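Worksheet: one structure, shown below.
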Amino acid sequence: MAKRNSSSTPRMSGARSRRKAVYPGTFDPFTYGHRDIVLRALQLFPDVTVAVLENPQKSPVFSLEERKAIIRETTLGLNGVEVDSFDGLLVDYVRQKGIYVVIRGIRAVSDFDYEFQMALMNRRHYEAIETVFLMPAEAYTYLSSRLVREIALLGGDVSGLVSPMAERLLKERANRMKASS
Amino acid sequence: MAKRNSSSTPRMSGARSRRKAVYPGTFDPFTYGHRDIVLRALQLFPDVTVAVLENPQKSPVFSLEERKAIIRETTLGLNGVEVDSFDGLLVDYVRQKGIYVVIRGIRAVSDFDYEFQMALMNRRHYEAIETVFLMPAEAYTYLSSRLVREIALLGGDVSGLVSPMAERLLKERANRMKASS
Amino acid sequence: MAKRNSSSTPRMSGARSRRKAVYPGTFDPFTYGHRDIVLRALQLFPDVTVAVLENPQKSPVFSLEERKAIIRETTLGLNGVEVDSFDGLLVDYVRQKGIYVVIRGIRAVSDFDYEFQMALMNRRHYEAIETVFLMPAEAYTYLSSRLVREIALLGGDVSGLVSPMAERLLKERANRMKASS
Amino acid sequence: MAKRNSSSTPRMSGARSRRKAVYPGTFDPFTYGHRDIVLRALQLFPDVTVAVLENPQKSPVFSLEERKAIIRETTLGLNGVEVDSFDGLLVDYVRQKGIYVVIRGIRAVSDFDYEFQMALMNRRHYEAIETVFLMPAEAYTYLSSRLVREIALLGGDVSGLVSPMAERLLKERANRMKASS
Amino acid sequence: MAKRNSSSTPRMSGARSRRKAVYPGTFDPFTYGHRDIVLRALQLFPDVTVAVLENPQKSPVFSLEERKAIIRETTLGLNGVEVDSFDGLLVDYVRQKGIYVVIRGIRAVSDFDYEFQMALMNRRHYEAIETVFLMPAEAYTYLSSRLVREIALLGGDVSGLVSPMAERLLKERANRMKASS
Amino acid sequence: MAKRNSSSTPRMSGARSRRKAVYPGTFDPFTYGHRDIVLRALQLFPDVTVAVLENPQKSPVFSLEERKAIIRETTLGLNGVEVDSFDGLLVDYVRQKGIYVVIRGIRAVSDFDYEFQMALMNRRHYEAIETVFLMPAEAYTYLSSRLVREIALLGGDVSGLVSPMAERLLKERANRMKASS
């Protein structure tokens, strides 16, 4: 099978490595919409690494360790999922891991331009990389980390959108903000 | 591995069937942009069926047999590619073939709404189906079957955009139209 | 109350007429997504007229009488709904009926430009007209008359998307097309 | 009339409450484009509450009291307009006020995705809520609070875009910034 | 000046030829929005050729001669405007005329993808070609030939949108359609 | 020739001033995509001023002097290019320079709404201004200053995207950030 692929295209790769995928993001926090994408990715690739971009410049609400803990809780019981983090360029991370497939959820037109820009830039740096866009379940079309944060910090209920740990941590942040204001 | 997937999600499927994908379309005609998507799909799935929708209502420029012949020529030498056709709903076709993965190329924002509408409708009819969106090489971003037809029928040069057979057949059509006008 | 409105804006209108709304469309056929918009409109305006644009140039699949019968069946039991038709410009129709409010469902970005173009053009012809855009339930976001027709004519199941009469008529059309091909 | 509505749909509400609407926003500052939307809303609903979201996280240029004063000045003489503010979730605010109708102006495609995301999320939290999208007059299509702030802070003229009080306050801010730089 | 340009870029061209521009389209019919673009183009380029694409496949409502006559009437008194037509590819037409600059009006997001696709394809066939996008006056943002045709054929008033001749011809077509239906 | 233009349109301007254009931006930093737009603009207008908006509110990564030095390096050898800066409104700057033509590159749908908003607002402040939208070469479609900054600050390679000086300065910034974190 390896022979098949390598003879037909200029992008040489063993079939095995194509069975691994990375799902990168800031995940601040990871939502049930992200979980839905992981479930879909697992149907296509046996090994899916959820890779948290550290991204301290964007000053995320959650620390790297909190974000990873939330992902672990939210994906509990899903075989084939690994949680990891990286600091730097995605292309460097995937090249070093020997992974070629990058998963991205795409929900709305407003995601589109940025996602394409990133995917093309990644491809220019690392030709073998392939970005696979998956569509979340309809119920998650309008769910984003930003919306969850905004609702929770205004005192709203986000159960059903994120895991219990994320919900609890968001409530703590909201209370702390109230106390300090 | 089959156990892994089936335990983690409600969508039961053997791992093997997830290695096949179908790439459906009218392909009137198949272009080098379509070929680029096939090459990318082959890196992810060992078996890719290019499935031509008969679609006589849309009165395609090329007959079903011509469209299939052009695809065969354009994908010559690519292992793992099968050319087929179907008449009716895509979901019925893929269900009967035991395929769960549908490939779609996505090039521009204007593709987006329609592609999502189709993907969601397909998912509603057949929950196991998963549409995988791939991005063609930058050079093919603006290439479409419609554009190729328009250029060729106005007497323009479409070499480098479609296979020699498609080019020759388009030239014949253009001459016939000129003669009859 | 009439005094209030008329004093505050240049658009003179009695409060009563603002309680009527027209929901125009080709409705070829009327779907459960359209019904959802009617339900929402009824919460805002006690009288909602579903007005079918005859539009013979677009050669609709259903006759005007069939389209009206389907709407009547689909809106059965909803108080305040009237079914009507018109031939010509919407602005002429609403002006003659003494209605100022036009309802439009808006589902996706691709609807947007056309809807705005129409709404602005209508406003230019008849300043008092106000187009009110409502958003259907999430489940109907991707439902359109065109999609229903395409699925049904390819032999697909459209129950749950349109009324039983529309379903039956679509099946007849599909069988007739098959027989004649 | 109340009977009519309540019998026909699952969303129970007295007809009276449907005659009130809330127009929420940050309004930093309220512009003549916002005023245009209020005028249109008043044609549909006798009572329109302009509700300022406090939103201290976004660090608005104007204080809550300034923003409310500007709205009062700009809507002077319009019967049926009330100016209010809220802190927290819109759904909590409207539920407590017994209001079901939310007004939003929609000007351009770039507004679209975010507006829909909010409207759907609000609907999920409070099923009876209905977001009504209105289109401003053509002349205001390209007017936004952000643009007004940018122009004024660079020393530009914003008369004809906002009320005299907003203009004066913006000039003060611009001078203060110049002095401190 | 010719020296300056030719030394700095790979696209050799005399400065003189860059002072001519072509404004291509189907113009079925030419509207006051198109006229607005011509006025703007004339400020940049002393010679502007309005070039009608014959396009018999699209079965335009107006004959080529009618479309050219309408353009002549609508641009009467504008110095520097020439009216011409072409059959075939735009790139062949402009190359033969020795023109490098193509004018296109761009009004809304929905125009965008198609315009870019065409501009890139033209550039691929003829590297020296440069498409210049101009924005019409706000009042014409929502004006298109299609909208004018639709309104006129339904009996609506299109004065102020197209020239008297176009108005008269559209009225004739509308009456003819009515008589034959 | 001046006579021709001034007689045909309400926007009076000498032909000479129409031969100058300004290309404004924050240019933080100027990229090879910006250079591509300058090259295209030079084909249309003999004198092109690249005008850097100071914009200290946006706290650019590069100082005004650095940004101007990078532009000078990147446009070295291009005749007809001047590098300048301005503080305040673009319309005030171009009016004082006696320039009527503003160049903007337009790459993707997401640019569109903002660019139109700015262009219309500028036109309202200064009727004679004309914004000319040019499309960069395909290879630069997805290149932006923000992307360059993000890649460089994460340690990625940006050669081929910006000039050597910009590359060196970005590397310095990245090292400084690493050291301080």
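A, B, C, D, E and F label the chains in the order they appear, each numbered from 1.
Methods note: a contact is a pair of C-beta atoms (placed from the backbone, for glycine too) under 8 Å apart; a residue touches a chain by one contact, two chains touch by 3 or more.
Small disclaimer: the values here were computed from a predicted structure and weren't measured.
Visitor: Could you tell me the least number of steps, going only between chains that touch, from subunit D to subunit F?
Guide: Each step joins two touching chains, and the minimum needed here is 1.
Visitor: Rounded to a multiple of 5, how large is the rotation, in degrees, that superposes the C-alpha trace of subunit B on subunit E?
Guide: 120
Visitor: Since subunit C and subunit E are copies that touch, just let me know if over half of their interface numbering is common to both, same, or not, different.
Guide: Result for this pair: different.
Visitor: Could you work out how far the Cα centre of subunit C sits from that of subunit D, in whole Å?
Guide: A distance of 28 Å separates the two centres.
Visitor: CA centre of subunit D versus CA centre of subunit E: separation in Å?
Guide: Measuring from centre to centre gives 40 Å for this pair.
Visitor: Please work out the Cα centroid separation of subunit A and subunit F, and write it as a whole number of Å.
Guide: The computed centroid separation for subunit A versus subunit F comes out at 34 Å.
Visitor: Counting only residues that touch at least 2 other chains, which ones in subunit B make the list?
Guide: In subunit B, residues 109-110, 112-113, 116, 120, 138, 141-142 touch at least two other chains, as defined above.
Visitor: By the document's touch rule, what are all the touching chain pairs in this structure?
Guide: Final set of chain pairs in contact is A-B, A-C, A-D, A-F, B-C, B-E, B-F, C-D, C-E, D-E, D-F, E-F.
Visitor: Along subunit D, where are the residues that touch subunit C in the complex?
Guide: Those residues of subunit D that touch subunit C are 1, 4-5, 7-9, 11, 13, 15, 18, 39-40, 42-44, 46, 77-80, 100-101, 106, 109, 112-113, 116, 119-120, 130-135, 138.
Visitor: What residues on subunit F touch subunit D, complex-wise?
Guide: 56-57, 87-89, 91-92, 110, 112-114, 116-117, 120-121, 125
Visitor: Can you list the subunit B residues touching subunit E in their complex?
Guide: Against subunit E, subunit B makes touches at 108-110, 141-142, 144, 147, 151, 153-157, 181.
Visitor: Spell out the part of subunit B that touches subunit F in their complex, as residue ranges.
Guide: Answer in residue numbers: 109, 138-139, 141-142.
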